[in-house]
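Taking it in order: structure first as structure tokens, then the write-up.
Order of writing sets the labels: A, B, C, D and E. Residues in every chain begin at 1.
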Amino acid sequence: MPPIPAIQDLSITLAHYLGLAGTIFAIGTVIALSKRNAVAVLMGIELMLNAVNLTVLAFSRFGAGFDRTGSAPLDGHVFVVFVLTVAAAEAAVALAMAVLVYRRRETIDLDRVNLMRW
Amino acid sequence: MPAGPNQLLGHRVADAIEAALRGAVTGRHVEWVEVRSDRVRDVLHFLHDSEAFDAAQLSNLTSVDRHTHFEVVYHLQSLDLNHQIVVKAIVEDHENPLLPSAYPVYKGALLQEREVYDLMGIRFEGHPDLRRLFLWEGYPAYPLRKDFLSLGQITGKDVNPGLVRFPFEDTEDPDRMLNAGNIVTGEREAAAGNAGQAQAGH
Amino acid sequence: MSEQPMRPATPMLQQIAEHHSLLQRFMGVSKEWKGFVFLLLAGFGLANLAIAYVVVDGRLDGHWYDIRDLGNAVAGLRGWMQDEGFHPAVPYVTTALLGALGILSVVGGWLLIGSWVERRVLAKFQIRQGPNRTGPFGLLQPIADAVKLMQKEVVIPRAADHFLYYAPPVIIFIPALLGWGPVPWAERMSFLDLNVGVLYTIAISSLGVLGVFLAGWSSNNHYSLLGAMRTVAMMVSYEIPISIALLAVVLLTGSMQLSTIVAWQANYNAWLILLLPFAAFTFLFASTAEINRTPNDIGEAESEIVAGFYTEYSGMKAGLFMGVELGNAILVGAMMSTFFLGGYTLFGLETWIPGYLILTTKIGLVYFLFVWLRGTLPRFRLDQLMGYAWKFLIPLSIAQVMLVAIEASIFARWDVPAIFPLVAFALVNLGLTVEMVRRWARALGYAPEIMAQQPVMATTIGGLKAAQKMRGG
Amino acid sequence: MPARRRQGTNVNSTVEPYVLNIGPQHPSTHGVFRVRVVMDGEVIRDLDMIVGYLHRSMEKLAEERTYTQNIPFTDRADYLAAMSGNLGLALGIERLAGVEVPERASYLRVIFAELQRIASHAMANGTLVSDAGAWQTPLLYMFREREKILDLFEMTCGARLTTNYMRAGGVSFEPPPEFWPALKELVAELPGRIDEYMELLADNEIFLGRTRGIGVITPEDAINGSLVGPALRGSGVPWDLRKAEPYCVYDRFDFDVPVGIRGDVYDRFMCRMMETRESVRILQQAIAQIPAGPHKNDIPLALRPPVGEVYSRVEGPRGEVGFYLVSDGGPAPYRFHLRAPSLINLSLLRELARGASLPDAVVTLGSIDIVVGEIDR
Amino acid sequence: MESPGIILAFFALSGLTATSALLVLVARNLMHALVFLVVSFLGMAGLFLTLSADFIAVAQILIYAGSISVLMVFAVMLTPLASRNNGSTLYVIPALLAAGGLSNIIGFIAIDTDWDERKGEVLAQSDFTTTVAGIGDLLLGKYILAFEVASVLLLFALLGAIVLVQERRRAGEEA
């Protein structure tokens, strides 16, 4: 464990971003695991995806190591674009499913949607 | 001759009704036909369906309080033949007037019968939605009846079967307001006192 | 019969008989005022002429006191501060504050002027007088209104969600201000000249949706909720045509930076409304839906759902909503001018006249168009509007984007003077747009001549039989 | 909106139905008219109309006043068409008591009734377009003509809205000399104005889209539902009391009855528009034909008609305005009933509104053209 | 990354983002949670800006704050009788334990690993001025296959959502 840095030589490093991303990812995990409402669970998943995006962007910005492997510095951005795409698609389908489940059972409480059939 | 320009003679209509529905007609007049109150819907059906009368539209429906009985007046209109027929149903029971509704024959009777029920207190059997129209549910009287005395006619010695006080001035039931649960607690005594004064003053 | 003149029968008629037009009112004001206004205008014109002379002379160009481009002034100030050796944060913060102040004063000034213009012009459309009691021509009416609104009691519904009830007026004000960031007012006069400016504009405009929805939801009123749902559905639908229309602009100009788009139009002396007429129409129509203005004001349709999503707001909170509506209208005017009407340029005249004045004039014209529409058109219904977006605007916009993509690649590869391809594009786009709109409308079953059948005249009367006869014959 | 707990499950419903209270203070209910609607999203599932906020018990009050004293009540009933109400009651009293009317008075009655019809139709059509969302511009344009007509009323009888002009035996005042040039000017100006409105509204794409095919009433329903006036004629039934039972001197004029084709909101709107044209035609003929003579016959102050009853009716702007008067030989009517076209035209409102969306219902209500004073009486 | 502006912005934005993410967890009302989620998204967009990813930041605002939140609003509104209560949870303690462990591991790795990252002048020089053109080149060049697959995925998601929510008419039920 390195010592806590003093205020005057405070500089934002990769570790800061990773720590923040880890925190948000953890919060998202708690939400996704513990909430009973389907929409709330989806919120948690979106938070987790956001944290991952932050990590990827931070590596893209700080990661000197990638230069040596011949990757372009914007590869991380492209990955984030794909993640955003997938997140949008996933949100649309998941919310459609929530609406559908609600129509069949009048609830979107995930603990009461426990039958694998309609 | 009838007073209206294109009004049919009551006798002609009465004869036709009597021929089709025996015993429905109780009285004939040059202007109108009086029919039995319990058979009024049959009469209207007959007039509506018959080719010769073609009473396609219920132009007007109203009622008259004759102290001992009610008259419910139907003004029927034939648009194609351009004539008017007046039918009156005599409701003998003044205490609890009851009449079959004209709604199954004429949809236009919907609001007119509600109005008659609201203001005259005549119940229409078979009406789909018989509620007060202008006054609120629970209003204790029917204002167009002749025994309902409007405020200018109320005197101290009169026995008033009609409306004396508004419901929220009722000394016996001071909590009764327009809407249940809307109780003005602080003004209960004052309202009671006012009501008493108003009664004495008139 | 009698020759005597008609006497005005009512005080109202007298008032109307004595009614003067704006010009007549101006002719009636005192000489001092007229002289003052004349001097003001003359002085402004002379100053501009002098500056233009010095500019053409080449002595003043690029200096901070050049009033054609206030951006130069700020840049000069910043350079001065850096030369003086301030802490690096000071110039940064100072210029940012100056820009923010400029935008705030533009929006705030417009909130005052715009409401007067709207009410006055609308009154002229409706053969009324409009506000004419507070100050000359009722000019102080907006201030009086604002004071009145601030004094009013704020009534909060008991069942409202208090936490969320307070936020929406502020939430929807923020995008209305942020949207002004990338607008170029003159060549170097842009607060936030982002190179993703177009995307930024779309993203910011999508933020207002949430404020509207929260306002409707937290009021706990069915009218509010209906209005909010209508507005959200409409905004989400109409963001797509807006994005596609702007995509065509981006494809043709090859940049997402607003200043570059304006520079492109100035360079080729071609307003994009001539090259992309359908995109311009789409943008204008979809914007009226985005900002809730007639004929698409279904979110606050007063004859149906009272005031829509802000039914339950009173006092200055309602005032903020109305202010945002006005501010959004003027923002759309700025965007419309920037994207399609050449922005701050006017065929070379921007070297003579300050660019921000040209832009303001264009904004005013677009705003006048909005007021005109409001005074003229009835309102669409929600399903008609949604159908219009999804069935009409989006397919045609996509087709247009394909066309523009081909044109842009031709434009980039064809080595002839730009005037030839541009004129060809304008003609092709106009012709194709007209043809496509006609064919598509036919395909969707649009038949105006059947719709506008008028009643027939009957000379005889009758009932059902007569009706059936008339119908049959 | 915080959800209410509901007992049981209704799997078919996708959206929770909720109750929306429209009125008594609402911009498109044209007065203190209230409807409670059960809505499913934007679609109206059920509707309950609640009236009576303006109830003054006019019919009961009329039983304590003389026949002439009752004429002002008809102003207050249909306050947008006071002349028509006046005329109906005056005709009824005349028929009940056997009073003769001078010919000039009949012509004056026709002139004022037709002016009132133009004014009322202008108001009805203006508010209808306003309901469709045109922000008051058509309304204010149509107020331009209505103002001139009300000025003519003011010149003649001193009142603009509650005119109290027709009397049993004639009309209360002879119009002043400056009335006639003003009337002629107005009549000359009106056709151009009506053409202007037709040009502005009849072909407007949005207006057509909002009104075509909305609120369709079949002729069968219209007749059976006791609809009268433009609501009936818009459904395609050529029925007009001015032709069916010519009162006053209507049989001397040449005019047509506009009849709708499909019975939707647009047809009702256009019927009103074209009726205005026909009213102008009647006015032109009436101005040309009006004879000289007295404007009223004097009748006793406390008129005592013989025992009997009469149902007199005129074609008001909203349709058949009927007065059912029962006399017991006294100075006041034994029973006074006003057949209110506004109320009875609402008989079909529930059927029309069910399944319609909220904007369509608002436009439909506007096209039926109600006056709440007449509904509640 | 040593300038005071960036440091200030990072701490302010990370505080905002983390706090509102935490509030999403603890809010009792689903609508409140949604509002905090949007604030969190906006803070995240700001963090992306500090990483000089302008395109991604704007896309984040457009997609997350503008679209996905509105989708969630629609989902909440279309399920009116379902509980709007965000407070009801299950297995909170295990979830908290798992998440705590996870964040501990991530934090430990983040701090303890030698990332060989760019620092100081190198970092300042490798600052992107614009990312749009570069992202476009990569998307339509190196990652063209992935781009096409993503577009197909979006199309199928669109169709899937429509098919899922489409109301099927029953046999006896007429339109």
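Keep this in mind: a residue touches a chain if its C-beta (ideal position, glycine included) is under 8 Å from a C-beta of that chain, and two chains touch if they have at least 3 such contacts.
Since we're looking at a predicted model, the values are computed, not measured.
J.: Specify the chain most distant from chain B by Cα centroid.
T.: In terms of C-alpha centroids, the chain at the greatest distance from chain B is A.
J.: Please flag the chain sitting at the greatest distance from chain D, going by CA centroids.
T.: A
J.: For the pairs C-E and C-D, output the one whose chains share more C-beta pairs in contact.
T.: C-D
J.: Could you work out how far the Cα centre of chain C sits from that of chain E, in whole Å?
T.: Taking the mean C-alpha position of each chain, the two centres sit 32 Å apart.
J.: CA centre of chain C versus CA centre of chain D: separation in Å?
T.: From the centre of chain C to the centre of chain D is 41 Å.
J.: When the C-alpha atoms of chain A and chain E are each averaged to a single point, how far apart are the two points in Å?
T.: Inter-chain centre distance comes to 6 Å.
J.: At what distance in angstrom does the C-alpha mean of chain C lie from that of chain B?
T.: Taking the average C-alpha coordinate of chain B and of chain C, the gap between them is 59 Å.
J.: Pull out every residue in chain A that's touching 2 or more other chains.
T.: Counting only residues that touch two or more other chains, chain A contributes 106.
J.: Which residues of chain B are in contact with two or more other chains?
T.: Residue numbers touching two or more other chains: 56-57, 79, 82.
J.: Please list all residues of chain C that touch 2 or more other chains.
T.: Residues 217, 461-464, 466 of chain C touch two or more partner chains.
J.: Please name which positions on chain D make contact with chain B in the complex.
T.: Listed in rising order, the residues of chain D that touch chain B are 51-52, 55, 57, 59-61, 64, 95-96, 221, 223-227, 237, 239, 244-245, 308-313, 320, 322, 324, 326, 334-335, 337, 339, 343-344, 346-348, 376-377.
J.: Could you pull out which chain C residues touch chain B in their complex?
T.: By the definition above, chain C touches chain B via 461-466.
J.: For the complex, give me every residue of chain D touching chain C.
T.: It comes out as residues 1-2, 18-21, 26-28, 39, 42, 129-137, 140-141, 144, 147, 151, 154-155, 160, 177-178, 180-182, 185, 202-210, 212, 219-220, 223, 233-240, 243-244, 256-262, 267, 270-271, 274, 357-360, 362.
J.: For the complex, give me every residue of chain B touching chain C.
T.: So the residues of chain B touching chain C come out as 54, 56-57, 78-80, 82.
J.: With touch defined as at the start, can you tell me which chain A residues reach chain E in the complex?
T.: Those in contact with chain E are residues 1-2, 10-31, 33-37, 39-40, 42-44, 46-47, 50, 53-54, 57-58, 60-65, 72-75, 77-78, 80-82, 84-93, 95-100, 102, 106-109, 111.
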